[in-house]
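These are the structures, in structure tokens.
Heads up, the next two complexes both have subunit A, just with different partners, subunit B and then subunit C.
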Partner chain A sequence: MTTLHNKRAHLGIAALCAMLLAPITVAQDDDVFAEYRAMMGDENPAIFTIEEGQELWETPMGPKNVSLEQCDLGLGPGVVEGALAQLPRYFEDAKAVQDVEARLLYCMETLQGRDVIELLDKPYSSIGEQGTELEALVAFVADRSMDAVVNLPQGHPAEQAMYKKGEEIFYYRAGPHDFSCATCHSQTDKRIRLQALPNLTTNEGAGFAFTTWPGYRISEGLLRTMGWRMQSCGRQQRLPQFQSGSEAVIALETFMGVNAKGAVMAAPGLKR
Partner chain B sequence: MKTLIKILLTPLLAVSLLAGCETQEAAVAVETTAPATAKDMLMASMKPKNQATMDRLNQDELQAACSNANNMAGDAAAMEALRKAAEASVVYPADGNYLGDWKNGNDIAANGKGLQWNDDPSDPNGGNCYACHQLDPKEVAYGTLGPSLTNYGMRGQSELMLKYTWAKIYNPHVYNVCSHMPRFGTQNILTEQQMKDIMALLLDPNSPVNQ
Partner chain C sequence: MAGKIRVRASLNGDKCEVKALMRHPMETGMRKDAQGNQIPAHFIKEVVAKVGDRVVMQAHWGAAVSQNPFLGFEFTGAKAGDVVVISYVDNKGETDDGSATVK
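Here is the complex of A and B:
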């Protein structure tokens, strides 16, 4: 494990140094990161997180000392391939619509008998720390869903209700700044500073956002999940803190994912 | 209705209930009488963190009325009532002096901090104008959600212009009922002095915005 982390750090730092030392002629932030992406080629540092995730998936753990290999991510017990392209979805056993984070936590709880409350205390890593178990597992599931076509099921009334609620929350203005998700994400070809903003009400915009999370955040040196991204959006909205795998996050992901139908999964992507 | 009840169970709640129950059925048996509103769902899905307390999810009349895809707040009468309320909230500078220091104004315009859970509440809030507007043309990292304000000062410094610009910063809903711009004065995001500094950034002939 230590070796993996060292390799990751070395790879990331080497590329970043090369990039920073090179004369930057273009002011565009995005171009700097595009350059980094090009330099890294197929060497997305997320590969180390994916490996960790696979190890966590296959290793017996918890009071029941079993692995997650029989976890049903929606396509049947143990089927990981393509699962992320069809989440969130309704799960009969949980009687709830779950996203990948909620589902992984559910499997840790039910299959492994682990204390989920403890895991929820710190689902996402802070800068300078090593990634969390949840982040690694999400990276693994994403990697095995690469190139799958986004197709969230909407047959169950609970899934349809989740979409409607997600849409409602998307437009919900609150907080001292009156921001909603729509403030930044309902227009096409707009940006905050230099950061391009996907229009999540369109197939193209929602498709881009949905298919590129989780992503390896270059500026933080960490693998970040969609749940983390939502939490970060909520922070900038000046709202309280979204919790991993919570209903509102799942509703928003359902809204985005259904709007993204037909897009092709490309996660973990490389993010700024 | 049954399914609506089912989805009210957050996955987390379901998981934690499962942990404490003998059977899965026990968790499912929890019922709620009314379908969750967007606010209910947000309340159940968020936790307070530092200065970002749960009361921030409470909507005022304007926020509730403008929470929709078409940015309309009902019929013409409803829109006008909200606009009037916004107008009434604007407090103009008591000393009649609208223009502060454009240099401070530029710092405030570039500062995106303030009121987030990871911000120090003892630091002054920023206006974060550059997030959405072009101002000093030498600053290339500007956003495009709002119109460019470069050369804003070309409009002059008439009493009308001063009052218009002040109100636009203080409460933009006076002019556009469902504007997406924050109410920097009404919501106490910026102080009167900070807004005067922003005014100078926009209107002072020496400000880089007007060079």
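Here is the complex of A and C:
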């Protein structure tokens, strides 16, 4: 009998052994997770989150009692397939560049008439919870965008400005540790502890990062979104907390997404 | 079966490989929430896999198993077309189930 839990114990022991047997290579770490993914086969607990997201997408809610099925994620009202591979993008109705989280919240507000401030109070789950509405919806959109080719539009001046802003934030050193995103993410083959760090200035690195979020985080038992990932990076940099769907997050996502052009969406995957 | 347990069963020689994924918080009863209140224990106690009336796997679980547990096991004596049914009972008496046809 194999369960996630005792497999995790094995992983823990494997990680400990790896630490004792210097030098450690990134490849070993990746092998451990490749083995883990092979054991899971096509199964990924994210499937539950995706199903919940689909239900939330199709269920009429809010004061206007409508579903999100007419939400325009950039490819036309109700078109979900492939949408995540072209977000963030400029939306004429909102007069803003929005990412998937900001767009979903916009649809909840405009289509369903819901109080978004309340939803923004807790966009992401704490450990031990079973996922928030936003996480489920993002998982659903990601699942329907599987295998789509990353191609963020850059035709609108606002989209180009967002890329510039993202680039600026990426290299901006701040906080008590004088850290920028680039401190960790502008060199190839670097890692923190055993985690390989993607070089987000390259097409390959940005492509890997952009196409594998959202992902089911095995260590937390939760599906995590790109917005959460950004927030978590900001926390490690000791910056003020990034908000879901905020301009800073959308700018960084745009910078990463444009750099990732041509990569193939593979989310939600399994993350450590 | 309208349960939420996702089951896959495939024949590999004379063995039937079963994989099952369950949706469950698996609370240990040891954790506290943000307000410092104890979160009550809520975990799967027993998992049973059956083919017809024949029990092919039975497991007693506790709080140490992770949330959303993934279970894999093999058994012999299955043939293509058999239906493997997996069900659990947790400490609150809640149950779930799911099934798959052996391929």
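Basically, the second predicted complex is superposed on the first by the 240 of 272 C-alpha atoms of A that agree within 3 Å, B and C clash if a C-alpha of one lies under 4 Å from a C-alpha of the other, contacts with A are read in each partner's own complex, and residues count from 1 in each chain.
Following the convention adopted for this analysis, a contact is a pair of C-beta atoms (placed from the backbone, for glycine too) under 8 Å apart; a residue touches a chain by one contact, two chains touch by 3 or more.
Please read these numbers as outputs of a predicted model, since none were measured by experiment.
By the document's definition of touching, of the two partners only subunit C reaches A:Ser126; subunit B does not. By the touch criterion defined above, A:Gly155 reaches neither subunit B nor subunit C. Within the superposed three-chain model, A:Ile47 lies in touch with subunit C and out of touch with subunit B [touch as defined at top]. With both structures placed on the common chain, the touch criterion links A:Ala102 to subunit B but leaves subunit C unconnected.
In the superposition on chain A, A:Pro63 contacts neither subunit B nor subunit C.
Counting the residues of subunit A touched by each of subunit B and subunit C gives the higher count for B. No residue of subunit A contacts both subunit B in one complex and subunit C in the other. On the side of subunit B, the complex with subunit A involves touching residues 3-4, 6-7, 9-12, 14-16, 18-19, 24, 27-28, 35-39, 41-42, 44-49, 52-54, 56-59, 62-64, 66-69, 115-118, 130-132, 140-145, 180, 182-183, 187-189.
Against subunit A, the residues of subunit C that register as touching in their complex are 4, 6, 8, 19, 21, 23, 25, 27, 31, 34, 39, 57, 59, 64-73. Contact residues of subunit A toward subunit B in the complex are 27-29, 93-98, 102-103, 105-106, 109-110, 115-117, 120, 156-158, 161-162, 165, 168-169, 171-180, 182-184, 186-187, 189-194, 197, 201, 234-236, 238-243, 245-251. Across the interface of their complex, subunit C is touched by residues 1-5, 7-8, 39-43, 45, 47-48, 126, 128, 130, 221 of subunit A.
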